[in-house]
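A single structure is presented below for examination.
Letters A, B, C and D mark the chains as written, and numbering starts fresh at 1 in each.
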């Protein structure tokens, strides 16, 4: 970067999302610039035939309608691997089985919600019975069909996909052969449902406990990483789903392309808030990688970036050779 | 709000900014919702013929290409009054007189910039000689033409408009008869240039000091506020420019429409971070006002909202009767 | 709260941390108030003989010298259970085995660090060979001593404690019989070392893979939760370690005492940023719970609160009856 | 900085604020480090006999009990100049004249507060009649005693000091001969009271309008800056009060010592969020200056730092020679 590009006045009159992206380029400063840069990193990444793209995101986003866009990313081949958290399973399953989420409010007396049986996720509401029980039912039903004493989390999710409707991220992941991983799978209704299934089995004569083994998933991830030519990542939010992507990437020399879309701040030393440059010191991102980060709510930035990419790229032709299993 | 509207999956495929806004409606949660709500508040406000719209913004934004959009808002009649800070004058004048701003970087050794004579505003760069000296020249030249011992800040700016090219916010404000106020006018190159002009006058025989009197501006603002039927505001960023809008609005019973676009957080008790609801307790915003706030960098949100509004509203017919002066 | 307590001018002259806390009470507003409130919640909680206290924290904190204070909390009986993330194991083990961490800087060229073999965690530096290899060695050595095909994560950590010196959080957890849980245990050097151990075993004749089963930990947590009379939590930072505490607490009717110490913001709908009141809607925190949250870097707030508590409470007498295992 | 200082485990057991500061040194990372660094910058600055210390802060802080500490800083000679915003005058005068502020809450229905006549500042409440009317009365009464057609803001404040009790920051500023400046003086009840005074005078036969001229204050600031040997600043919060300090400092070659205590983030390109290093590019802070910043609520950090400094330094002997006026 030699800082010779000028900032220029953007004019009102943009109609398309593509025009909007171009305005951000002109604006040239603060996060508008980072957003434009992110669009460039994505465009490069998706025009590189050799890259395995990992998508990560946090669970709260799935409680909003961003779920449809995340599913769309998978369906259009814009991700080769998904890494997320347990809550994603909860919301995705709940919604797939008829759970209805409402536009709620941050400013509400939560004890009133409690008495009405309504859970709050920020400014989103969902009735209690539209959440936990639906997840438990799906998980118990799926586990009862497992024919082995041990199963990986991804395997279990793909088995569960048969219970879900076409709105589901999990189902799309299976249909599109985009493996989905949940390194912290125990942390939510999904994990608890596995536990309660096993508790019931234990106390039942002829009960059969199933070991859901996340180390099997780790092996799959390792194989994907090692068999990739290049690595790219779209990391939405922080936490374990973010770290897991960059952690594994270091074993292949680091990401070649990376975009962070987050609200987390750097100065608290958090992994969530760390910029791509911190990851360079670890070998998680290559020094010469194309990288960008945008500090903003992903519910705002993801629709801009991925509607833009979808209209530029349409459906990406994925290189399926890299995976160690058969998706037919 | 009875929280009966559902969150729904947004799908990839949005092409226009209007589609994007509609996606935010479906997404229905977190800041995407607030952004959609802001678009509704703006749409209502601009379809109300009785409202006087106040636009406020911070100076740093004018160092980016958002300057063109802010000017466009004025030119299209989407603001009746502008309240901003001294740095806006600095950047606007500098750019109008040939000052060039570059896409820079946050991560740079600032002592190297110093030695190269480059000022940094976030990730925007401008050469020293493209900033202060240009402002000083314009201010001194304008003051030398003032035919009174006292002048208000707005008056001075409109006089200075003649020195500026058509890219200028100040010039657009004059041409469109949209008064522009700078309650903290001394805080930047603009204010210092007034001071140095007067210092020179003092030491010169026949020198004539000019009292730039911000209380004249306050009187104008007071008259505008009192003669308005309804009040609306678009408040971009915080600080003195934000507070001045809501402070004055309380004397007319509070704002009827308001949108806050800011990065500032509420929990530090700052005025910048206070939500519209805090302003309700002061009578600065009516309890029944249509209001929204979006926590995100304005360089991202303003282009979305105002390109949308520009395409819906085009050019707004303003009600010029309310002002206490003659703009012909 | 009936808002009849006055804000009062604090005067300079506070000498002790206790005086400081009292100043925050007088200051009475913004986060000083929340910090004072947090001190009250902790004081109540630690004077209640019936409460099981869960401590959670994020891994990055263990890279700083806050590690000693976190260990002190355990040693003084101020926690009955610890829930944290994989990186905690990494940093704790590395430091226990001679790994040295330095005061670094955020503003540094990370590619230079990479070439020098230095990892960066915010403004903390650690040499590569003082991190991963030390963790791998400890894990491999410990796993080679495991006498079962399956082991829980806590069990494994307590086994590994024998390799660690007295500065270690893990060792303190064992010595003090304060179980430590890592729901996302695979996400870091610790998890990868388990995987590589098993990979080696697989390819070796007579190799014996060990299933590290996090569901065993979940069972332990469940038992602790169910056998508790009351629940309290000190939740430092967000992510999986925060959620796991409140998630499990809902199955016992919610937390009776809770303090959140975090930098995460609410408006992005994140679990990390959610306030105690959101948890009330889920039944994770009781509506009548004593709760407080402080938005600030925990490296600043934890030393204030826990030095204060340590000087008030000294060593807490824990009620060991509740745990389902034998610590002698 | 050559990054050879080690992070070390802090132990529980700190009793004094000095011990606490020392713990932050050991902790060595994230904002604990920055807070320790800030204590070092302050200690150096206050042991340098040649430095003129400028204190700046935002108005909201004066609504809390931090007011007493800010006053203490002035009384102990720890500031030579104060730059703040109009709201400081409002809260300081209101409190000095019997206005009572209460511990309120962020989570409240503000329309209820409105109907009860209660203003909210974050989580602080004040009754309407304890605010605006008290300020108006003091200002009108003071203006009626002014014996000139023009007066600077500082002069006016020092005149008004006679109406105030000893809790007042303004009164302390006069008594200690620490000039106080309000570059954006029109923005609040203080400014509006000046305007309404003049409006009344205008409509009254024999009425005498008073021109409150902030350019007189600017001249004073200029003289102070030019007559200083070295410059130091404690900048609490952002906005106009922050910028005014660093803006003027550039004309003397930049600050030699500076501490920023703020919650504002850097990535939005705001002046409020800009770090000391950005100011280096402008010549506002010297490249070799001792500088530190702490991102945290000042209601938490200021009591730590200034109780520490007060106990180390006691009362600072100020060099009064530099000012262009007579304070006897």
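By our rule, a contact is a pair of C-beta atoms (placed from the backbone, for glycine too) under 8 Å apart; a residue touches a chain by one contact, two chains touch by 3 or more.
All values reported here derive from a predicted model rather than from experimental measurement.
S.K.: Is the number of contacting C-beta pairs greater for C-D or for A-D?
M.R.: Result of the comparison of C-D and A-D: C-D.
S.K.: Is it true that over half of the residue numbers where subunit B touches subunit C are used by both copies, so same, or is it different?
M.R.: Same: when the shared numbers are divided by all numbers used, the fraction is over half.
S.K.: Would you mind pulling out the distance in Å between where the CA atoms of subunit B average out and where those of subunit D do?
M.R.: 25
S.K.: So, what's the distance in Å between the C-alpha centres of subunit D and subunit A?
M.R.: 45
S.K.: Roughly how far is subunit C from subunit D, going centre to centre by Cα mean, in whole Å?
M.R.: Centres of subunit C and subunit D (C-alpha means) sit 37 Å apart.
S.K.: Could you pull out the residues of subunit D that touch at least 2 other chains?
M.R.: In subunit D, 29-31, 60-61, 63-64, 107, 121-124, 265, 267-269, 277, 295, 297, 299 touch at least two other chains.
S.K.: Sort out for me which residues of subunit A touch subunit C in the complex.
M.R.: Spelled out, the residues of subunit A in touch with subunit C are 58-61, 63-64, 85, 87, 106, 110-111, 113-114, 118-124, 150, 183-184, 186-188, 191-192, 194-195, 198-199, 211-215, 217-219, 222, 237-240, 243-244, 247, 263-274, 277-283, 287, 297-299.
S.K.: Can you check the complex and tell me which residues of subunit D touch subunit C?
M.R.: Touching subunit C from subunit D are residues 1, 3-17, 19-20, 23-24, 26-33, 35, 60-61, 63-69, 71-73, 76, 95, 100-105, 107, 121-125, 167, 277, 294-297, 299-301, 303-304, 306-307, 310-311.
S.K.: Would you mind writing out the residues of subunit B in touch with subunit C in their complex?
M.R.: Residues 29-31, 34, 107, 265, 267-269, 295 of subunit B touch subunit C in their complex.
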